[in-house]
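Two complexes are shown next, each including chain A; its partner changes from chain B in the first to chain C in the second.
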Partner chain A sequence: MVSGKSRRPIKARGSRKVRARGVWSIGDRVGLTIAWATGIFLCLVAFSVTIYLALKGVQYLNLDILISRPEAGTEQSETGGILDPMIGTLLLTILGTAIAAPIGVGIAIWLTEYGRPSLLARFVEAGIEMLVGAPSIALAIFGLLIFQNSFMAPFSFTAEGGAVFGRSFFAAGAIMSLIALPFVVGGTREALNSIPKHVREASYALGKDQASTIRRVLLPSARSGIATGTTLGMAQIIGETAVVVVLLGASLQLAPEGAIPVLDVLKGTGSTLTSYVYQNSPAGEGKAPEKAYAAAFVLLLIVIALNLFVNQISKRGRHTWG
Partner chain B sequence: MSSLTYEATGIPVESEEADPVNRRVELLLGALASSVLLFIAGMILFTLFKAWPSFAANGLAWFGAGGNVDAQLTDIFNSPADPADYIYKLRAWPLIWSTILISALSVLLATFIAVFSSIFIVHFAPGPLQKLIEPVVKYLAAVPSVVYGLIGILVLVPWINSTFITEEMRSSVAYVIQLDGSSVMAGVMILTVMILPIMIALIVDSLRAVPLNWREGALALGVNKWRAVRTVSVRAIRPAIVAAAVLATARALGEAIMLAMVTGSIGFAPNPFDGFLFFMEPSRPLAPSILDGEEGLSVVPFGETMYAFGFILIVSCVFFSFSGWAIRQSLGRYSIGAR
Partner chain C sequence: MGIESADEVHDRTESGIPPIKRIVVNGEMPPVRVSQGEANGAPTHIAESFVIDQGAMAPAWTEERMKVESLGVRFDRKEAVKDVSIEVNSGEVLALIGPSGCGKTTLLRSLNKLVDLTPTAVRSGRIMLDGQDTDLMDDTLLRKKVGMLFQQPNPFPMSIFDNVAYGLRERGTKRPGKKELEPIVVDALERAGIWAEVSDNLSHPALSLSGGQQQRLCIARSLAVRPEVLLLDEPCSALDPISTAIIEETIVELKSEIAIVIVTHNLQQAERVADQVGFMYLGDLVEYGSVEQVFNAPMAERTKDYVRGDFG
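Entry: the complex of A and B
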């Protein structure tokens, strides 16, 4: 630590400024103390959140909760488990990532490799930034606006009078992909930008055109960046609540619509771990904080696992170009 | 280079423009990228279109104060089925004020903490602590907002209720609101923690980009390390701090779920003249209002009112994200990060 060192003021003639040399004035000491305090505060917050949830989670989580479906009930012992929310989280994450990954990689390639006209490219960059900032609740109600149109009827439940419900895994997945998209674009762009120019030139020299250079040379080398971005996007989808409450219906159990397996579930409503936590907290209707703690702990474990995974791929996948 | 697979085809490419496949790929990807812009424009326009009746019926008074906003929302929700009799009267100021208040307070607080902790991370943290603190910041960013909300409502709110709120406070405002700990204060505290990681990430990056010899210049003049960092590095990255604060504002404005859980969900405008009590008062920003009204979206006038909230949010968030982006772009040109 540096703060302890205070040197004797150097005596100098004339200039008053010189007296401040190497001296830790009270202001400096206070500043440094605040810096230490804020740094330690961050660690404390992270640890207390984790340890508190871990304690509660270990207390309330058991195998029974994990493998039983949620039920309506007035007592906490009657409300079942979190199987459906877990399936919901899984389905929604797969759906959202499956839409976001190809589009995001495509946009990133265009931005780094083509980017003509450059004004348009700049606007697209800003647009991606706006997507990051767009409030998820506003995206969600906009999604509802789209999916309640009659031409979107195949993607959700249609009531007797012809009113389209607009809430389904498809609808939620489509909007979720927008939340994940900026992360995929960011990860891919970073990876593509880190590939030196001479690699592309080598490929051109071998007679490859730009399209096949991208496909055969650039994309394989950008794999770890794409994976990092996609995983970060997945983490966003898993943590998102507002979209689930508005667009997935946040129903207690999965509610399939129609007769075709798999598709019927995707057309129906459901819930995820986040919406389950929300609804079972005192803010929602469930009033089952024990279940909410258990689900929140599972959620946190998933987030930690994804974080570790991202660290792993960015550590292993770092490509050094000679 | 092992992962690269070259297939020498031996076919020379005359020019990129002449190659139809390449041209098609470029156009396809360009169209894909441009669709992002179309989407944003469409989102703003459609939401405005849907929200228009609410704005049109109230005029500029929509943004003003007057009456109980929750009662007005209930009236809108219960308006008659005949489109001619729809009720639209809304004075949304309490919700807007709450949005501004909570976002501004938490961004201010977070800017302060973020600047100091970034300095700590980059310049003063001892090795092991530095190795620990960076994953910690990433982790804090990754914790879902609903988890923050859950801890807020089950731990922080009861704590505020028992620690700060006295019986006198309760009885002094009992005729308008009930104080139970769900408050502006709880919202600001958690929101600060939620927006900190974004700000720290940006500020740490730009602090690292300050050339070492700039600081060495200061150190050579004999000032201590803190002074050198404060007067040279922090001054050099001022635009980055502004950019971080602006981006964090966009994030704070859009936060719905956590604020719906901890701020009490009452359409009340906390009054700064109430002194300390002010922080204990419940309120509800715009984003949680949409979430709370989600069940009523199918009631036409109520839905339109919700889309009006959504429109205000989208426009302000898009504005803030764009400004943050623009400031960061200029960073490279006029300040640190040019190389």
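Entry: the complex of A and C
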């Protein structure tokens, strides 16, 4: 009895295996193998990048680098730390997000809830897709074109003689917002689209108009989608290099312009972690490769933290109806 | 039971205020008459009070709330509702039955003009609310008077309290505070039969409630704005049998205060809760009558087939 009992499931499992082997053709199995191989390869690449940077980063990163300003020097020991690039990354991210978030949410609401005239809506959609696909260097050059105009002088680093360089946190932040915008719009639209129609109708059925429905029901429901899109946009800004080099000057230290606090920094030039890594790695001038590794590691940590944050909010804030 | 004749009660309501009725479910309380005195300067009465027992719950008193006059609704080329005339009376439950796509939900959604939100919808005919053409009324005002409950429970992602208070908070004008709203919110939750379950956690998110509780919360949310008519669009189709039973009980309790129109696929449900039944087929109102008549002695052949379960 006992042996019979234990044998039956084994038999069943075995026979299922045989059938499965019969169903899969050679082509399918080759495809499956390739899929497995590429998947594992991808994991290997991701892990090796992370581990390599982590090893190097831990090796060179110390508190001193984090809190001292970068200096010009011919020896690696004289080049100071990465405080200014870190502040630059922070400022640029805040500025770019502050511009992109409200505009992006507004565009997403208009596209999903109104979408009229439909021709204009289609143009806006196409424009956002263009922004996703546009090379950031092209956007950066476009930004330079605008901010070099003399009427943009209040927002830009200017020389003694009045020449407008078109470079500042304002200029870089404005173009960075274009890079973050599609992510904000995408995240918000997805969240709004996932709210069932009957939830909107429930609000209308209580005698509410569209404006209060959007404000009191739809936006709170879409909160996590908006946060996700905004955070993804932030990650894009943090990882962007071309815009920093062209529009922020990628100067060694923050170079404030003018006398008003805060505003002077925003009007001046600076650098970010990305431009710092570029300039100090062997790819650029290569003065301080160790500090480039340290900065790259900090960059990686920030982006990983943002991604974890995105996972967390999209898991926690999801509402399901019915 | 000591129920007065309909005429007598009607005389007392000429001031325009519907009388209050008291219902005791499965109780043995004898019928009583109480004069409530003069509240808000107008007399209110308990018009009648009766014991619900063995399904004998057809009220003696009804008053016309809404009147649909040759309503037609079409979406592009498709005629969803054809020339339907029907009345919605307070004090009773009207059930709309019929196979899928027969236009019963479209008819229901016309009553609060929610159908107008569909861009392709074209409506003809007239719908009156208390003798007033709804097309001449402001949509938001109409929808405050004609509440609606949907197939899927759809509380808003906010606290239980805020859900019920949602309809009471006006935009722009001075927003009433929590203290002012509280009695209304509590009253609505009580009438929806969910107060006992949520009284301790009004600040909890509404979406953490169970499906049946969510649906009763949605009833409370509708009741809070004091509607005259409540539209129910298959309110139990997403719920389990126990939640369904509780909701049905609530519907029967509520019908004394407001007119109720329910669209349902469930014939037994229609039989349990309805006083009047309208059977729709392919956009036509094929039959309209009391629940006993439609289910036991249907006049049209189609109705007979449908209530017998031959199709649908």
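Rule of thumb we're sticking to: the second predicted complex is superposed on the first by the 292 of 322 C-alpha atoms of A that agree within 3 Å, B and C clash if a C-alpha of one lies under 4 Å from a C-alpha of the other, contacts with A are read in each partner's own complex, and residues count from 1 in each chain.
Please note the rule applied: a residue touches a chain if its C-beta (ideal position, glycine included) is under 8 Å from a C-beta of that chain, and two chains touch if they have at least 3 such contacts.
Worth saying up front: this structure is predicted, and the values here are computed from it rather than measured.
Contacts of A:217 after superposition on the shared chain: both chain B and chain C are touched. In the superposition on chain A, A:32 makes contact with chain B only, not with chain C. In the superposition on chain A, contact is made by A:299 with chain B only, not with chain C.
Comparing chain B with chain C, more residues of chain A are touched by B. When the two complexes are overlaid on their common chain A, residue A:23 makes contact with chain B while staying clear of chain C. Touch criterion met: A:208 reaches chain B and chain C at once.
Within the superposed three-chain model, A:198 lies in touch with chain C and out of touch with chain B [touch as defined at top].
Counting contacts by the rule stated earlier, residues 199, 203-204, 206-209, 211, 216-217, 220-221, 319, 321-322 of chain A appear in both its interface with chain B and its interface with chain C.
Listing the residues of chain C that touch chain A in their complex gives 112, 114, 117, 139-144, 147-148, 150-154, 156-158, 166-167, 169, 171, 207, 211, 218, 221-222, 225, 231, 238.
Contact residues of chain B toward chain A in the complex are 1, 3-13, 16, 19, 21-22, 25-26, 28-30, 32-34, 36-37, 39-40, 43, 46-47, 50, 113, 116-117, 119-121, 124-126, 129, 132-133, 135-140, 142-151, 153-155, 193, 196, 200, 221-227, 230, 247, 250-251, 253-257, 260-261, 265, 287, 290-291, 294, 297, 306-307, 310-311, 313-314, 317-318, 320-322, 324-326.
Those residues of chain A whose C-beta lies close enough to touch chain C in the complex are 196, 198-199, 201-209, 211-212, 215-217, 220-221, 319-322. Of all residues in chain A, only 1-3, 5, 10, 18, 20-24, 28, 31-32, 34-39, 41-43, 45-46, 49, 52-53, 103, 106-107, 109-111, 114, 116, 120-121, 123-139, 141-142, 144-145, 178, 181, 199, 203-204, 206-211, 214, 216-217, 220-221, 223, 235, 238-242, 245-246, 274-275, 277-278, 281-283, 289, 292-293, 296, 299-300, 303-304, 306-307, 311, 319, 321-322 touch chain B in the complex they form.
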